[in-house]
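The two complexes that follow have chain A in common; it is paired with chain B in the first and with chain C in the second.
Then we have the complex of A and B:
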């Protein structure tokens, strides 16, 4: 796996021999896109932050990996924390930041020590660019994976998101231009600087499988190539792309890339794939996901807070076999409404599973 | 109102969320008295301290058991039998989900995904992740915490 390579700050050394603008160009040209799910060009994000007029800049490493079914960042933070620190250092040098934060989710507290050790080990390198890296621990909130919510959480507020613009690259932490990158994104950066990088993704593969795990493969592979790695325990009928990405019937020939998954109404996001066996009930999984969103909705905007509550109410009826066609239609309407009117990405994606499940597995909802 | 460099100068350990974490670690939960203390010390209004304390799933403003068991409730754990694991916990602890044992030793909860999907079903017991759970492992966990 390339992200577990020990780069020992050699990528950083190469970077500081270039001008910051040149580092940005290298990253831009590489085509690296954000691994947190939004797929935005990392180089461009850095460029926007650097060009923002305020001279004080901030880097935040988003280690609030909360999307159910995702554990790629955990793998990196367990096996190669120093590559993340190196990535942060390169990002900070490129945009001109002296302050960096790692926002680590509470569930991963046992990984904090790894990061602290890596920061300590490379203290002399970080001092070269006068960079201070602090670790802020979360306290259990999925929404804090949202970049504006992370900032509020660090700023001693409730971890609620706010509408964009302003984007963090213009006005981020304490109103300073801020680059927020995912752990896996930053782990790719040293490899890019060393010219030892392939554009591979970390697929978090789980579900009814004998060998689930993180698999490093490019975008555009077929689902069969991925699922076979996981060795299905039983015939696979559906793939869930985390909780926010919705589900699709298992089609071995379907390509796993952003467009192909999007076209069918689901979202590939951070390459999370939960393979669901034939014996499982799709409405029951949807109920589980609806409970998740009711619990994790921050409550700031009404469609997400109240809408998801009603969604769960209807799904409970479905699972108890008390629902009729009107309920299904109401559910479908609600899903569209919540998607169109919610403030942030959480709310907007909170019903992708309903929309796709009703599209592809409707018969299971009327049984 | 909180815009400014003071966040940077403070250092992570002095941030509100970190203070609350530390208190909870020591005291087990965030009592009204403790929250008032934080407010006084930081000059952050008590309403905002309370707002933050009640926002996050891992903060408790009510006393909980000495050990908090958080069983993962993600789809990956669900399809690998987490419901059955919940039953076993309930049976062995003699409590229902959300309750605390009479001796105050355990609280049983579910939690959103803890990122152990390749070793499901899984649970966090305090800070530690326990994976590939089955009845024997659960007995062992409970025994060790006694």
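Then we have the complex of A and C:
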């Protein structure tokens, strides 16, 4: 696996021998895209932050890996924390930041020591660019993985997102221009600097499988290539792309890339794939996911706060065979408009699972 | 300037304008709920969605971009708005026609929700003046913004997550047990009656119907400039005569005027200032007529309590005199008097219940009603307010001056005090009495006035966020000012927590103008020239700041921590 290679700050050394703008160009040219799920060009994000007029810049490493079924960052932080620290240092050098924060998922507290050791080990390197890296423990909320909510949380405010614009690159942490990158994104950066990088993704694969785990493969492989790695326990009928990405019927020949998944109504996001066997009930899985969103909605905007609560009410009826046609219509309305009118990414994706499940597995909801 | 297409028509937008602002300016209607013109858009309710290039966005916080193509109504938009409204109504337990939420729901054509009603939230009755029912709350967040951003009190905030989110004070306390100062600004912006004044209209009506009681009412300076709005009149309508007539129709035995004791406050407080300056007392002297402000300083700046004027507020001076001076003069047994005040304020309900407010030997004020409560009484009694014949206040404690009239606007107390203090110190009857430097809606106003050869430096702040900023200045530069006026509410009493909805800076401006117009039209415009005040001192109090005046008209304060201990 390339992200577990020990790069020992050699990528950083190469970077600081270039001008910051040149580092940005290298990353831009590499085509590296954010691994958190939004797939935005990392180099471009850095460039926007660097060009933002306020001279004080901030880097935040988003280690609040909260998407159910996702565990790629955990693997990197466990096996190769120093490559993440190196990635942060390169990002900070490129945008001109003296302050960096790692926002670590509350459940990953046991990994904090690993990171602290890595920071300590490379302190001399970090001092070269006068970079201070602080680890901030997450407060335990899924919403704090959202880039605007993460900043609130670091500032010890309520973990609520705010509308964009302003984007963090213009006005982020404490209103300073801020680059927020995912752990896996930053882990790729040293390899890019060393020219030892392939554009591979970390698929978090789980479900009705004998060998769930993280698999490093490129975008565009077929679902079959991935699922076979996991060794299915039974015939697979559906794939869930985490909680937020929705589901699709299992088509062995379907390509796993952003466009192919999007065009069918689901979202590949951070490459989380949960394989569902044919003995499983899709409505019951949807119930699980709905419970998750009811629990994790921050409560700021109406559709996500109240809508998801009502979605769960209806799904409970469906699972108990008490739903009627009106309920199903209400569920469909809710799913469409919660996604369309919610304030942040959480709400806007909170019903992709209902929308796609109703599209592809409707008969399971009506029987 | 950017060119924006709205529903196929071209409009010119201003730099930095939001879609909603642009549409409002051009009379393109967009239903909205959590938006408030004086607060930063939070985009919580998601009612004001419009379609931009085929995507739904909230118009309240989306800024226009040159070339934008906006649709404000189509099937998708209507469906989205209605669904969000249904989601809100499912958790809401109040009569819809009474409030802003109801009006917006009606506009959207939603009268009920397809979802089951859930009423599982906290109800808090611990405050002396505010009733808080989270079962009526739609989490628009305006109250929290007012309390935190505008007032800097932070008594309430969001608690819990998702559907279980509530607006509550900190540490599971009730509003009555925290540093809430009862300014009532939260009730003023609540669109759904989740936060509202504690209603005492029934108690007052019962007292009126009790033949054994003598029910006497006083009306605060600002009420005559705002009561009309509760009866469908335009903001800024001055309704002094109709207000008196309506109160008589409601059955109050005497209708008197808080403006009388506003004049008295000026005379006593002006005298206190002169004494402090002469005797090298603690300066700056800070006004004490706004009870929300008094509670604020007790909680947050107890070290500055020696600066606070010892004068009671006009409401409390009135209450004390009513059951002593007035009762004696009119041969009424004070134990039979029910003393009612009509106030722009919710903190007045708290103030009248303070243990020290019993200098008459009785509870000085028995009930304090807000403008809104009086408005409801007038409506419930079926009084045709707009067509009432003007009536006049009863004599003795009914006469007042222009100086009292402007008490209701920020800077008014300062201006009134200057009119009296300058006259007294210079021994003249000055004709130039309009101190426009302390008027207007700027957050903190400063002025220097030459009085008997001394440069007197004064400052005025309204809204507690501004008050806090000014107190920080006082701590940093203790000798910068001589006299400071503070009003807890933005705009002063015309923007009070008990005033009719909607209250916003535009409406507040119109209300202030009404009060300044009242001032201009009055025979007497200086408090110390009020013939009834002169009579009060001759017959009862003897001189300014006399022993008796101190006994009845002055008070003490208590330092408190954030939990009110």
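By our rule, the second predicted complex is superposed on the first by the 367 of 367 C-alpha atoms of A that agree within 3 Å, B and C clash if a C-alpha of one lies under 4 Å from a C-alpha of the other, contacts with A are read in each partner's own complex, and residues count from 1 in each chain.
Going forward, a residue touches a chain if its C-beta (ideal position, glycine included) is under 8 Å from a C-beta of that chain, and two chains touch if they have at least 3 such contacts.
Since the model is a prediction, treat every value here as computed from it, not as a measurement.
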Where does A:250 make contact in the superposed view: on chain B (first), on chain C (second), on both, or on neither? neither
Of chain B and chain C, the partner touching more residues of chain A is B
After the superposition on A, what does A:48 contact: first (chain B), second (chain C), both or neither? neither
Answer with first, second, both or neither: which of chain B and chain C does A:289 touch in the superposed model? first
For A:197, decide between first (touching chain B), second (touching chain C), both and neither. neither
Partner chain(s) touched by A:158 [first = chain B, second = chain C, both, neither]: both
In the superposed arrangement, does A:70 touch chain B (first), chain C (second), both or neither? first
Contacts on chain A seen with chain B and repeated with chain C across the two complexes: 141, 158, 160, 295-296, 298
Hey, which residues of chain A end up touching chain B in the complex? 56, 65-71, 73-74, 99, 101, 106-110, 134-142, 153-160, 173-175, 204-208, 212-214, 240, 243, 274, 276-277, 280, 284-285, 288-289, 291-292, 295-296, 298
List the residues on chain B that touch chain A in their complex, please. 2-5, 7-8, 11-12, 15-18, 20-21, 44, 48, 51-52, 55-59, 73-76, 78-80, 111-118, 120, 124, 127-129
Chain C partner contacts - residues on chain A that touch it in the complex: 141, 158, 160, 163, 165, 294-310, 313, 326, 330, 333-334, 337, 340-343
Which of the residues in chain C come into contact with chain A in the complex? 42-47, 49, 56, 58, 61, 63, 76, 79-80, 83-84, 87-88, 90-91, 114-116, 138-139, 141, 157-158, 160-165
